[in-house]
């Protein structure tokens, strides 16, 4: 399977035109960034975590993004409630298992969510994806210590068991399901010096999944856009501060030609 | 009623000189932006939401801004407690009913706050303002779907019933009370692609209400400054990332001459 | 005691090379900034506040930063739990008593933390430091109203009683322990118009304490880097918005030569 610049840009145009509501239950650190990235690409972010309203908010959303970056019991309950409602309504759920493997609490929460309410897409770095399957892997905080290559096997097994798409992100992003794999080689090393760009990638997966019915293609498109806007921003930036600023500008201005010239995809 | 560039700038000078403490009980997404906007204009933001301390914090504040963007039970209790104390102390309360109409929980919370502790100023987009009065209006997330014109009637009724100023913000901002209306036509469409600029407007209403005793004038001045700094930033920006950065710079540097040249106000 | 540009840069190189995990239990307003500052200097920030996981997160961290800027009961419990575990593991704890003196709740929390789990470093402005000792001092929000000079005596007594380093930050930063004092005169007035730069300073103390075993030197180095990057950013900035952006860029790019040319330290 391949994705083309034309297909990616068609999805961007749909996002800009439909402005789909993307409901985020995410961590405190990145709420602002991810809301801004969703707005920049053309979506309508909402953030709501109260048990009293998550189901109703899911009902007006076209995708749900769950990110476990700053967990507590109250939020976990809302995550389950929202995921259940999203599945009932048939809207795609994206799970970002931030820090899975770093503590038992995160690992368990991510695994329980996957078992009880299988998401359409799981996006994490190699350590996090491995922690969803393998008790022996250990994350160093929220960084990726494990090799991406080693995580692909876990990703495929996860995909087979739970019928979901798994994205192992890193210098190369691997989009995996039980039958196929796609590699995206866009991005820039300086992106790892800006907090929440992984979380932003997951949020963008939500925006693309809202307009593109195939979760595999939606994830690939989102990761390509993430990498392309990120490398454009990094090339112009003097450091991670300006990278974050330019990244939002570039998401907003991204043209079909930018994507055409830069897209590095392999199957 | 009219407001002039000279009056607006006089209030800015008072804010810069007095550095009034503005107490914010606001949502997680925008806390950073709104604190930065308050600092940039010259005020002293504080954020505190614990039931144990909100009353004491109100006691050292010159205005209280309540924003329901990411609600939960604990925060709602603190909002009521703080609003009650603010009314007792006679300091102005600004209410931002973010997402009212999107879920019953938000609509109810906003209405209950207004009924039990009527604020000096309510600022929201057309959908949100309509949801405070009309059960049939429905918000699409936190965006404005309804026409501003249609919301003005609701705003006037709200103002009559609760003796408050209501601002319906949008491409044109309407400042409404039971007797008069003022239209501010500053701003730029790209501002809607930056998260939390509506919340920032409400925070600025708090800063102006802290130094200007007439809530109607304070609201009009804040909205004019918001629109002027926003359009200056948008004209220089390459996208929503740089817009946010320049917006804070422009708030900080805003001169009487900038306001004089750009102010678009009509009654 | 003196610190030199060479020593400071050696610590930066250690941070960049070791990428130490710095665990932050901090306030909602600044989480994003402080995570970005830690990434820009080369550290690995993690944010985790759930009682279920703070001890485990401390176990993989090289420093713990506790900031009381947006307190509530649940967070306070986690702060104590994490601080206890950090002391047990022998990793340095940095305490930022944001707003101590503004409300009894904050003052009590900060004092209780210090008494029960003495941190390696306390960093606050003059008002906050005085409030840790003196019931008569009163903070105006989170700003520094008190004179830094007056706070130094309190800092020394605090240091004697609890065997910690105390940093009184302001136009001049004073690093104090029971025997010595160091003054750092870097920085720029515009920095006070950006939210969370004090909190960022405390986070950087965590990064330096993770690689430099003497808390006094670590604190002095962190405050020097903070002031130098801040003044470089402020000189290039058009206002507080661009200051924040450039600050992260400058932290990322900081060279030994930058430090050598700019360092203003006195004992």
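Letters are used for the chains, namely A, B and C, taken in the order the chains are written, and counting of residues starts over at 1 for each.
The working rule: a contact is a pair of C-beta atoms (placed from the backbone, for glycine too) under 8 Å apart; a residue touches a chain by one contact, two chains touch by 3 or more.
No experiment lies behind these values; they were computed from the predicted model shown.
Chains that touch both chain B and chain C are the following: A. Under half of the residue numbers at the chain A-chain B interface are used by both copies of the sequence.
Centroids of chain A and chain B (each the mean of its C-alpha atoms) stand 32 Å apart. Of all residues in chain B, those touching 2 or more other chains are 28, 32, 244-245, listed in ascending order. For chain C in complex with chain A, the touching residues are 19, 21, 28, 31-32, 35-36, 39-40, 44-50, 52-53, 56-57, 60-61, 74, 244-253.
Taken together, the chain C residues at the contact with chain B in this complex read 27-30, 32-33, 69-73, 99, 102-106, 140-143, 192-196, 237-242, 244-245.
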